[in-house]
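Listed below are the structures to be examined.
Below, chain A partners chain B and then partners chain C, in two separate complexes.
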Partner chain A sequence: MLPALIFRNAFRHKLRSLLTLLGLTVAILAFGLLSTVVEAWYAGAEGASSARLVVRNSISLVFPLPLTYRQKIRQIDGVRAITTANWFGGIYKEPKNFFPQFAVEASTYLDLYPEFVLSEAEHKDFLHDRQGAVIGEKLAATYGIKLGDTMTLKGTIFPGQWAFVVRGIYRGRDAKTDVSQMFFHWDYLNETMKVRAPRRANTVGVYVVEVADPTRVAEISRVIDGEFGNSYAETLTETEKAFQLGFVSMTEAIVVAIRLVSYLVIFIILAVMANTMAMTVRERTAEYATLKALGFGPPFVMLLIYGESLAIAALGGGIGIALTFPVATAFAKAMGTLFPVFVVSAKTVWLQACCALAVGLISALFPARSAARVNIVDGLRSIG
Partner chain B sequence: MSAPLVSLRDIVKGYRRGQQVVPVLTGISFDIAAGEFLALMGPSGSGKSTLLNLIAGIDRPDTGELIVAGERIGTLQEAELADWRARHVGFIFQFYNLMPVLSALENVELPLLLKDMSHRERRERGELALSMVGLADRMDHAPSELSGGQQQRVAIARALITDPTLIVADEPTGDLDRESASDVLRLMQRLNDEIGKTIIMVTHDSRAAEYAHAIMHLEKGELSGREAVR
Partner chain C sequence: MPVPLAYSLRNLWTRKLTTALTAGGMALVVFVFAAVLMLDEGLKKTLVDTGEPDNVVVTRRASGTEVQSGVERAAAAIVESLPQVALGEGGARQVSKELVVLISLNKRESDKPANVIIRGVAPMGLTLRPQVKIVAGRMFRPGSNEIVAGRSIAERFAHTGLGESVRFGGREWVVVGIFDAAKSGFDSEIWGDVDQLMPAFRRPVYSSLIFRLNDVSGFAAVQNSIESDQRLTLEAKRERQFYADQSEALSTFIRILGMSLSVIFSIGAVIGAMITMYAAVANRTGEIGTLRALGFRRASILAAFLLESLFLALLGGLLGLFIASFMQLLTISTMNWQSFAELAFRFTLTAAIVAKSLGFALLMGLVGGFFPALRAARLNIVDALRAV
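After this line comes the complex of A and B, so read on.
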């Protein structure tokens, strides 16, 4: 009978309960969506390998590194493999169609990134075609690109029109893998630059280094940077995660603002829900006094109020969590490749559930205490 | 001679209003025997409801000795007092005080949640109690689907279900029409006559008081007389 009493009480004022439920659902949904946006912001860093180092010019990423560094880095003790990458920064049809494009050392790049899963046949096709490119499946789906299609990019850092033939479409090893990138041959870029701007040829943006023992990354980073100390292009070596977080930190204020807003939404619904519970308790003072007169103690009265608040919170939270998945999918689709990884994580769902639980518990805290303290004689005189 | 069920000695009770203490009961002493049906009458503010609240254990006297069902209830802790009420007192209120979201049967069963009893046992006892008050065909009705008289009968069934030592009724017919009031009073009289329930009833209505064995009059917080009716 106790669950029946709690649930029927929770929906006694249907309009009020439904509006509270709606508010809670929207708040939990908004919280989940905003948390997913924040996670998407960090997706690159989260997906980074602990065994990969990125070597860049210590002045700025804008300045390239000489190609001659490759051999020296490869020979350092603890370095298992090395590859190169150049940020290309081209425009596909329109500037709003943003996605990362890299000119990479085709023969080695995918070996260092096992999370980009490509069929053997497509890998071979890519290696054999100097104008070939590999794109992520999300990119292919967003712009309707198929194998064999030609993609033309307008260069911004490397001027001119650049035509590529899609030779492979990679999948992600897991949900955290960015499947909206494009890779093509550094050789193609370099040879074209030799003709168009010879001074910019034979340089790379970054070296990506795989270390044999991830516990030695700090030591190997120091050795690499020491190797090129006092040279005309000093290096800064950091883990891939630190490298990615460097980009995120440039927009940290936005991330902090989004996080604040997400918790603010929860705080607002907490205030709304606490007000609902306070009104409820005020209206039912005579009922709580009756229960106490019949011999029910303050814990029973508190249980009724906590139960009612938690029932609304669980229902609103549950619906909000359930809606997060389709809404996030639609949001990701609308955003195109802006967020390469946009997945509602288990952590987000847990946080949503915890927020709903906290709203349920905190909003009942003061009403339950006041109901438990109702003086029976005064309570029986009150009119709900 | 057996001990009275209710024994009051020099009971004093006042209420604080701002800085002032307003006296309500000023040294009341009397006994109520088991099986008695007593009506408490008096003008508004005479202290009859306060006296009933003290006997029912939902309020405490400022001074004096109050023994009900063998217990000095003025000295009990809050939790002990709640437990004592659950065992010894059945309540009938003027406005019925039923839980609006529960059916008639669920309302009657409610006090049994405090007993170690199975769902089935509760249900059987609830059905029996509702049958006793003539509402066997209204068990699944919500209070809002019942008339005032029927709601008060549900409240009587709820007061009976734990087989309490004492039933207290505060203006049980105050919100009812004459016919329903007579039904309720006859039912209370039957409970007293047939199963020997001790009933203490506060009422304004002298016709209602005639259903009791005796009427006790209060005026300005003092007993002004006691008369036998039946």
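After this line comes the complex of A and C, so read on.
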């Protein structure tokens, strides 16, 4: 009898229940999206390998490293492979079309990044064409680029117009892989810079080093930095994960704000839901008094109210969670390459469910208590 | 005849819990709405106020920021000799050839690294920025390894306080002064002698050139002569415009994110107001019938219930703004994507933001209250009077 009563009660005021349900759905959906945005922020660091080290200039990233360091680092014990990358910072058509571009040592770069999956034929094509480039499948989809197309970038760090021919489109090994990057030949960049600005030729942005034994990364980092200590270009070596987290921590204030706001939306809906329950209970005071007069105890009345609150919360939460997936997909599409990885995680879904449950329980807290305390005689007189 | 105002107000007072919960929900929405606008305003104020109206910034074409730019010495000399450059005391040209690079420093509290702008300035650089004032210690001596730090840098970064020393570019640099730049972007910079910093960073070229115009209206002429000169690959921008452009991406991001959040949240708050007002109407059916029987017209009933909803919204709006006003005490610091450097700015409340937030709150009240008020106005007198 109890479940039937709860269900009937929950939908007695159709309009009110519907409005509350709608509010809850929107709130749980917004919460899920915001959590996913925060996770997308950390995606670069999540996908980073712990066996790769990034060697950069100790002053800051805007200072390059000399080409001569390659050989010295390669000879250090425990280093299995090495490659180079220069941040290019070009603009594709419009400044808002942001995606990372790297000038890399073409012959070795993809060997160090097995998560970028490229077919054998395309890899070969890329190696043979010095003006060739490899782009991620998301990038290709966003801007409608096909193999063999020419992409022209306007350089902000390296002046001039740069034309590249797309020779390969890579896929990600798993969902966490960033598939919105672009790589091209460092040789192409260097030869052009030799002509345009000879002073800036033969320099490397960062060296990426693969170590044979991931447990030795701290030791190898120290050896590398020691090798170049007191030289004119001192190095700072850290794991790729720490390197990526460094970027995230610089924009931490924004992440904190988004996280805060995502909990605020839960508070807003809590106020709405608590209001609904308070009004419901006030209107039905006479009914609860009747139930008590018939011999039902306070626990039964409380159960009735908690049950109703939880039923609405569960329904609203369920719809909200179900909607999160299609909305997140649409959002990721609209955002283009700004968020390379945008996946709703299991943790987000759990948090959404917990929030809905908490809203249901807290909303019923005060109304249930006051209903349980209703005096039969006063309650029967009440006209709501 | 309108229903007395007191009727609407007293009805809110009678149901304190419901009023508080509904207004509380609205207050949170208005808080988010106002906070976003305040943040955007603070960011704009910080970056736009960084520029002087008669100053011009010259950088390499398409570089966008000073950090990515490079100006060869020969090119700098050509710009320096332009006739539109103002002359200062003793006929000295009001030009500062500067070096701007990023260095990685650790924060005091978290020990996490962040990029900080270090600017090498010529002696004229101070004259060109009248808002920059030394508030502790003294200015650096040209030709020495002394530097001065902006106020928000000294507060937040390790080894940058007065008397401390910091190592970069293979040398130790002593902080001999702290400067205040009237909350502009310079507060997030470190300044030193350009002729000392260039060799330390092994940079043979300047990053940018800042000069004052002898006549504010002469900008178009100077821009034309710089950008049409075949020997130069430079571009000139008014200083104000230059810094406003730097805040564009971050500002757009904050606005879009904030506005979409406000819209989503306001759905929740509007629903809250609707539920409250529908309940208010349902509970007072008999009362409404009485009012109608007394001779109050449908329009008056509609107005009374709408007013009640608007009062509710106003209450929420004021509460939200009250909480938001405390945000002015906070300073937020984040990386500006365009310059890749750390930038500190404040939440700034203006009269326009107060008006917009209250308008937003009233709009929520209007939307939420309209249908319930309409239902109240449409009630049939006889049926309403019969209702218990």
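The working rule: the second predicted complex is superposed on the first by the 383 of 384 C-alpha atoms of A that agree within 3 Å, B and C clash if a C-alpha of one lies under 4 Å from a C-alpha of the other, contacts with A are read in each partner's own complex, and residues count from 1 in each chain.
Keep in mind that, in the parts below, a residue touches a chain if its C-beta (ideal position, glycine included) is under 8 Å from a C-beta of that chain, and two chains touch if they have at least 3 such contacts.
Here the structure is a predicted model, which means the values were calculated and not measured.
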First, second, both or neither for A:A358, with chain B first and chain C second: neither
Contacts of A:L127 with chain B and chain C, given as first, second, both or neither: neither
Partner chain(s) touched by A:E287 [first = chain B, second = chain C, both, neither]: first
First, second, both or neither for A:R8, with chain B first and chain C second: first
Partner chain(s) touched by A:A81 [first = chain B, second = chain C, both, neither]: neither
Contacts of A:G297 with chain B and chain C, given as first, second, both or neither: first
Partner with the higher number of touched chain A residues, chain C or chain B: C
Touching partner for A:V117 - first (chain B), second (chain C), both, neither: neither
Touched partner set for A:V377, first chain B, second chain C, both or neither: first
Chain A contact footprint on chain B (complex, rising order): 53, 56, 58-59, 78-79, 82-83, 85-87, 91, 93, 97, 99-102, 106, 109-111, 113-114, 119, 122, 158
Footprint of chain C on chain A - complex, ascending: 15-16, 19-20, 22-23, 26-27, 30, 34, 58-63, 89, 91, 95-96, 154-157, 159, 197, 199, 230, 232, 234, 236, 246-247, 249-254, 257-258, 261, 264-265, 267-269, 271-272, 274-276, 278-279, 283, 383-384
Residues of chain C touching chain A in the complex: 17-18, 21-22, 24-25, 28-29, 31-32, 60-65, 67-68, 70, 101-104, 110, 112-115, 168-170, 201-202, 204-205, 233, 249, 257, 261, 264-265, 267-269, 271-272, 274-276, 278-279, 283, 332-335, 340, 342, 388
Chain B-touching residues of chain A, taken from the complex the two chains share: 1-2, 4-5, 8-9, 12, 286-287, 290, 292-297, 376-377, 380
